[in-house]
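After this come two complexes, each holding chain A, first together with chain B and then together with chain C.
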Partner chain A sequence: MKAEAVISCKNISKKYRHFELNIDSIDFPKGFATALIGENGAGKTTLLEMIAGIKQVHKGEITYFGNYTEKDRENDPYVKEHIGYTGTDKHYFLPHWTLKQTKEIQSVLFDNFDGEKYDQILEDLAVTSSSRSGKDKKVSSLSDGNRIKLMLAGVLARDTKLLLMDEPASPLDPLMRERLCSMLREYLASSEDNDRSVIFSTHNISDMENVTDYAIIIENGTVVEQGFVEDLKEKYVFVRGEKKDEEAAKHILYDMTSNTYGYEGLCLSENIDKLARMDVETSIPTLSQLAVGIMRAYTKLKSYR
Partner chain B sequence: MKISQNSGVPIYQQIADYFRGEVLEGRIGQGEYLPSIRGLAKELKISVITTIKAYEQLESEGLVTAVQGKGYYVNAQDTEMLKEQHIRKVEDALLDAIKFAKIAKMSDSELISTLKTLQKLDN
Partner chain C sequence: MKHLSRMITAHNCFCSFLYNIAMLVIMPALLVPFALVIMSFDNYLGIVIMMTLLSCFTLLADYMPFNGITAKGFFLGIIKTSTHVDNFMKDAIIADQIRRFIQIAIPPILSLIIAIISSFNGIDIRFLTFISTIIFLNYSITTGIITFMRNILSNNVHAYISLTLTAIIGALNSGMMFLFLHDSIHIPFMIWLPITFILSVIISIFAFSYTTDRCFTNIKEY
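Coming up: the complex of A and B.
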């Protein structure tokens, strides 16, 4: 699969005292949803904030919508108008603002902000109700889940081409996660030119699998694997085997966990023939099995038995 | 279309199988377009890339052709070739039957009479 890039990152690096982000190259595909997956502290938020322009100082280049630079992002309204960002920061909106004020402020900030659509989404998502309007509710009184819904309504009420979302699923309940996935698929489908894209970070891999087209796995500040999910599912095979073969299989598998009865793990498809003499069961990995296996191969966590 | 997340058959395969059936049985005619990729993904609650993989499979089988920016339309179906494909499916299924008959130690005549009985039931 080849696709044009909505965002291109080249040789991005940034040093902190205890952490370093080093991204050689990522082309986020245009018209698709990309998931950033990785352990806590891997660098997902840092990368999203760089793209959003919240963290501005770093080495390397970020290109927007094919031909806009980071300078353009600050000066040319096109880039800002067409990117919607939702963060995990509790104070994305100031806590003492009322819901009505969040609407007024966004309509001042963004030319393409549709206030009616904003109200409608908030009502659909039960943040406000039509009978008891609740527009005077303060941001500080909202639950974490409702705060995400408020940000979601804000970005969906604008005519954007790219959504950047940091952990949108985490504070949501199962029903609302499902709704989030539907809203994102709807967003991708709602442009005739297929030029709407989503980039989100998540720990809730299985909840988000059916809205993940491209996956980027980041560990310790570097990209350790990336690709279209269907391609990754061909690159790796999930293997389960018998205890007696564990030692031999250990040298062939990409990642392995074992228990008293047997082992399981990821194997690169190109190496699967080497397991031919062993009694194994193979299956196409889920995105969750893929991500966990790859993360485990790079983690600093000590393995446990 | 029934999509099962855990049937063991990959989702893209289930979608390709469904549309192959629709095309081969003439419910989607020559020159008609398959549903838009992102629209279908939205309807079926699956990722865009899975839908693309399904359509690419149908394209590689020669059933549909991709047009940049417009989607996938159904090709003229060669009836001889279709018949050929179906005969191949029958042969595959019969080979499976023969394999299992051997395991179950069925005699040739038992196997043939089972086939005849099943045909009667089907008619």
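Coming up: the complex of A and C.
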């Protein structure tokens, strides 16, 4: 499947003392939800912050909405006005702000912010009630989950074309994760010409699977796999086999884990014929199985090496 | 009017309602009676001690709203992602400087008004000039110091440096009192008012450009 890119990253590189991000090429597809998946410290947040313009010093280039450069992002209001960013930063909203103040400040910061819509979303998400006291609640008194809802309401109350969300699902309860997925689906579906896109990072792969169209797996600062989920599910097969075949299968499988009874892992579809003589059970991998398998193949965690 | 409202929003983004009450109401309410007691013995000494304490509290309190705003890695959260980040920060910093001037001017002016109403001795043109001069002097020093102190993220380091610098502010205030009171000094006292006024203007401009430059540089270099 081919799609126009909402964001293109080319030859991105950023060095820290103990970490280096090196991205040769990523084209985030326009009109879809893209999940950035990877271990802690893999570089997901750094990449999202670069795209959002929070971290501006790096090598390489990022193109926005097909033809805007990073310089345009700083000089042409169109780019930032059409990107909604939610981060993991605890001070995204300063703790002493009241909910009423979050609305006032966002009205000043973003021209396309709709205060009434913001109030409505907050009420729908049960962060506030219509009472006055609810709006005087301070950000510091909110739970982590409610803070995420507050950020979410902020970006959804704007007329944006792209949502960048760093770990939006992590602090949310299962019910709210499901609600988040449906809100993202509604957001994607709400534009007539299919020009709204979402990019989010997540560790909650299975919860976010039903909203993920495109997946990018990052390990140790580099992209190790990317593609539409449906294409990846065709590229890999999930295999379960018996203990007796483990040694032989080890050389064919892309990644493998074993226990007392047998083994399981990912196999490239092109290699599946090589397992023909073995007693194996194959299935289409879930996104979680895919991501974990691919991450395991590249991890620096000693227990997997 | 709309710009004023944006300025207040930007200011309140950093300075909470409680902070404003503490700085503009509670602090004068505590400092003015204290100063008046000392002024009943010596007008100048009362003002010097009050202004030194006021500057100390101003330095210490600035950590709460603006701690580390010009330091590398300071989180500006949502503000960083806005197109209006530059104007928003400029508004916040200008409003903060205006608030700080009011905060420093209220206690001595209130003390002076009460002293006049209570018919304290020695309220003359020299004392009025001294009060105006000391307001500008303390505003200049605190603004200058705060500008650099906003590079410090650690509360302990910030508090230690604030208290150390308070001793210097005390010495400068006493020095100004000396210049006003000692006849052996042949410099007309009136000259200190325009000098401290000009100093306030220069430091305000410097503080504004340094803070705005640094907090945007921080975003760009981080």
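In this text, the second predicted complex is superposed on the first by the 300 of 305 C-alpha atoms of A that agree within 3 Å, B and C clash if a C-alpha of one lies under 4 Å from a C-alpha of the other, contacts with A are read in each partner's own complex, and residues count from 1 in each chain.
In this text, a contact is a pair of C-beta atoms (placed from the backbone, for glycine too) under 8 Å apart; a residue touches a chain by one contact, two chains touch by 3 or more.
The shown structure was predicted, so the numbers you read here are calculated from the model rather than taken from an experiment.
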Joint occupancy of chain A by chain B and chain C, clash or fit: fit
Which of chain B and chain C A:Tyr263 touches, first, second, both or neither: neither
Contacts of A:Val211 with chain B and chain C, given as first, second, both or neither: first
More chain A residues in contact [chain B versus chain C]: C
First, second, both or neither for A:Val229, with chain B first and chain C second: first
Chain B versus chain C as contact partner of A:Tyr298, first or second or both or neither: neither
Touched partner set for A:Gln106, first chain B, second chain C, both or neither: second
Which of chain B and chain C A:Phe93 touches, first, second, both or neither: second
Touching partner for A:Ser182 - first (chain B), second (chain C), both, neither: first
Computed vertex angle (chain A) for partners chain B and chain C, CA, steps of 10°: 150
Chain B versus chain C as contact partner of A:Gly53, first or second or both or neither: second
Shortest span in Å between Cα atoms of chain B and of chain C, once chain A is used as the common reference: 28
Footprint overlap on chain A, comparing chain B with chain C: none
Interface residues, chain A side, partner chain B - complex: 1, 31-33, 181-182, 185-186, 188-189, 194, 209-214, 228-230, 233, 283-284
Residues of chain A that touch chain C when the two form their complex: 52-57, 77, 80-81, 83, 85, 87, 89-94, 96-97, 101, 104-106, 108-111, 151, 154
Residues of chain B defined as touching chain A within the complex: 8, 10, 12, 36-39, 41-42, 45-50, 52-53
Of all residues in chain C, those that touch chain A in their complex: 6, 9-10, 12-14, 16, 18-19, 75-85, 88, 219-222
